[in-house]
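Two complexes follow with subunit A in common, the first pairing it with subunit B and the second with subunit C.
Entry: the complex of A and B
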């Protein structure tokens, strides 16, 4: 993530005073185009939310918090995000370390496996999950297997969504952690720590994790953004986390749903800011 | 380095670090199709600095990693003071290691890096900080404790790494080409400091290097490895003067190859007959002669010509072309270099000492 890596400072620009104007002009143009691309839809959305027959009104924003289902769906999404982040990191990081240290030849295999969810369309993915979840013949009704399937689909906290999101998040988490692992000499650090008497868990949490802070923060943020915006899987499995709720509310209260979208955008930005501050290296 | 062996608190820094005996017994290690160790037998005596020297791929680093526990031999055993530690995990071995690449933990400052092992052992914070400070003083860096690795120079980082390796008072110190990433000047200074430290602590040390000068200058004994086997282990002077094999002769120092004719225990080379060092041989051979054993004397009747001379202070190294076009290197006293300028004709003779002979040209010798 570009936002997490400090940009190189153009300290030598002043050495060529004649030439610096032109690149600067282009920079402004590119920035302006990008800004237009992002800001126009947002401004239009904002306009829509405050447009009122009487003129200007912030009522839509006031209604967000009282809208039925807002708090529960948002909390569900956040809880799903936290659980997904925990599971995907606990799964991916040890696996990537093990492959790097013990079986470097398997790295391409791991990379392909982790990238696969990008290739498989979510609709295919969810169709498969749905089929599996519907499998439940009567005679299995009293078995722990059946009860597990039921528990996975508990609407208060659908574990099945966590499992699905872990798969969907893998490509991003893999990329982010891979970049972080490339930046440090993992093998030497691990061996140095082992040589100092550290057990494997100690190596993991005292050596690897602190030195992968920004990569872990990046992976967490991407996962969070994915879970907060995921619609297809949740909708087709009939759960109601935040994105599904936004679509639901838009049917009855169009202005509120757009206001909520802008609100969630703001929320995501705040989280990004927090993550990039937390992941920033000590100077 | 001027820091004393005792730290700030006055007590000896390493009481328990009386050196252990390290023994490698019949080590075999194979990586896919490559043989890294092919039955290596070697022992480092208590308190000794043993250098492992050899060309890249000779197995020296693999041998060291077997002692550290990062590599596991397919066959054979590693013993410390007679105890077989082959199956002991790396984090429970009594050996501190310094790595070739910079290995300090980037997220910890120098003091916490040194104290890392003490923290693993749950030593109280005040105690481990004091100990880390002592060790930093020991390696000549009393003021860098608060700095992070990226704020230290390469030489400083390696010194901190040495302090870290010594923090748990290991009985064996393992150095895996610790100086190879440093520039020449720092390398020379740090090399001497390592030796000084090692002597004062009396810790058994195994020093892996591909640099023969480094090995000869610091080690008590040097073990020359080739293709996973031990060629010779001896004190530096012995290694240089009495190499056991042509490979060692070639790898350690500079060697001239001169064609000669052997007949039993004598060999005739450039009209001079010299004793053969080793078993009797017959027929045409390569005679191996050090540059300092070549005597070049200015003479009008000489059949050889000086073609180049490089002055090195106390000596000058000449390149001398023989009548048949072959070239020899000869070291002469520096003050003779004026009389032996390029273009001067000389006679060439050899110091009358036993010489090594080899049947054919050698492979795999780099220097």
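Entry: the complex of A and C
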């Protein structure tokens, strides 16, 4: 008994291990309520999609794939996600390496710049973007910028969404890469590689990137999840990627829209589970 | 005159070379953010004070009156309710699992659920408790005047991602509560209530307030869920901005959307300004 804890009173000391043996009533109540609250909507949504006048039916899931606009909107979302991931990593990684290697005074600046998008609600951001896109042409009609602004809004591949999503993803990417860079000794790795005669591209792709594999994967997956679920910016700039399409289809086919919601949830959850597994492997 | 120059000139080129290389790698990111993020915000700020070509405060004044003011207050009320309820419930859930075998499972699930938002969240709840939702029909809630499409319905839905977010934020803080503190308090004759009142909650206070602020911010900025769920039956500032942006305003009053956005940024900024120093304070205890 005395070996368990240095506390002098044996009676009190036994309370700590005792707590683990028999769960207290309030814990059971809290867990049960939480389980009901979090599981019932999932189960009910699933039931909603398979409930049919004739009984059980998976028709709604079959109809997803034949619904008009499904493939094009999902492909658009995926293409936007890939472009966003590429741009955000290409911008963030060199900058974050540079502040660690050469310009430590810029580090607080970078941190603030990368955190700011969290403070500004996306809808206010899109209000600003919308105004720029609307008034830009009026003032720039005679300059080459006019064509640029039109090209940004090409509905087949709206580059403006990629730009906006890069900004929205920046805080998450920064945090993920920062944790990854903290775990390795960047300076020693780079100096060792440079002393052995490696060129900068070689250092980047053969030394840094492999060491940051899980941080880069985490950042990419978070960005992917963000882009696949983003509604506000796309809706208010009148484009139709996946989440906007779900709302559009809900007007005519309620069951299908709930089925698609569950489908997209499942997709997002797989992505996020991959992130948390990648994170756990690293530590 | 020449002396100081010659001594100073030795270290300066070296330092310049190094930091200029740092600048070159950082510049694309900073330039990108300045253009893509900065330009819209500048235009937002400028546009707020322009109506039909003249400089005026009318937009801002209008955004703080009538339906717009109601929406702003509605958003603050909803976010505050979600923040307080979400924090309290989340802390109970976190404390229930922090020392149990379910800990890892609950933390993983929280990480996933905290990111559950937007349109799919709204549809899952509509299918559950909406007018023709599964639970609504099964329990006959419709006859008792149940509706999901109001203030408390939105609160219920927002808690679905707020409670897991709290669990994620406060679990490290709960881990930081040393068992010795509890043992010391109990050995000195304190009751469990006294322990929480005088030791536990004061130590946790910064991270609890941090959780409140985080939940407030995420509920305040949420648009997709509310838009897919309630349309405009609940007055919310995000819904009003969207309405005004899509042209649902008087001619010449388009920039009211920008003024409303500015109001929102000010509120969100004030709330975040509370959060950052708090985080630094809680880090002191939870090493």
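The rule we apply is simple: the second predicted complex is superposed on the first by the 222 of 283 C-alpha atoms of A that agree within 3 Å, B and C clash if a C-alpha of one lies under 4 Å from a C-alpha of the other, contacts with A are read in each partner's own complex, and residues count from 1 in each chain.
In the analysis below, a contact is a pair of C-beta atoms (placed from the backbone, for glycine too) under 8 Å apart; a residue touches a chain by one contact, two chains touch by 3 or more.
Owing to the predicted nature of the structure, the values given are computational and were not obtained by experimental measurement.
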Touched partner set for A:145, first subunit B, second subunit C, both or neither: neither
Subunit A residues touched - subunit C or subunit B, whichever exceeds: C
Contacts of A:65 with subunit B and subunit C, given as first, second, both or neither: neither
Which superposed partner A:44 touches (first subunit B, second subunit C, both, neither): second
Partner chain in contact with A:191 - subunit B first, subunit C second, else both or neither: first
First, second, both or neither for A:207, with subunit B first and subunit C second: first
Partner chain(s) touched by A:276 [first = subunit B, second = subunit C, both, neither]: second
Which of subunit B and subunit C A:199 touches, first, second, both or neither: first
Overlap of the subunit B and subunit C footprints on subunit A, listed as residue numbers: none
In the complex, subunit C residues that touch subunit A: 18-19, 21-26, 28-30, 32-33, 36-37, 39-41, 43-44, 47, 92-93, 96-97, 99-100, 102, 108-109, 111-113, 115-120, 123-129, 133-135, 159-160, 163, 179, 183, 186-187, 217, 220-221, 223-224, 227-228, 238, 241-242, 245-246, 257-258, 261-262, 264-265, 268-269, 272
In the complex with subunit C, residue positions of subunit A that touch it: 5, 7-9, 12-13, 15-16, 19-20, 23, 26-27, 30-31, 34, 37-38, 40-42, 44-45, 47-49, 51, 91-92, 94-95, 97-99, 101-103, 105-106, 109-110, 113, 116-132, 135, 163-164, 166-167, 170, 225, 229-232, 235-236, 243, 246-247, 250, 257-258, 261-262, 264-265, 268-269, 272-273, 276
Subunit A-touching residues of subunit B, taken from the complex the two chains share: 68-70, 89-93, 95-97, 99, 101-107, 116-117, 120-121, 148, 161, 164-165, 167-168
Of all residues in subunit A, those that touch subunit B in their complex: 184-185, 188-189, 191-199, 202, 207, 210-211, 213, 282
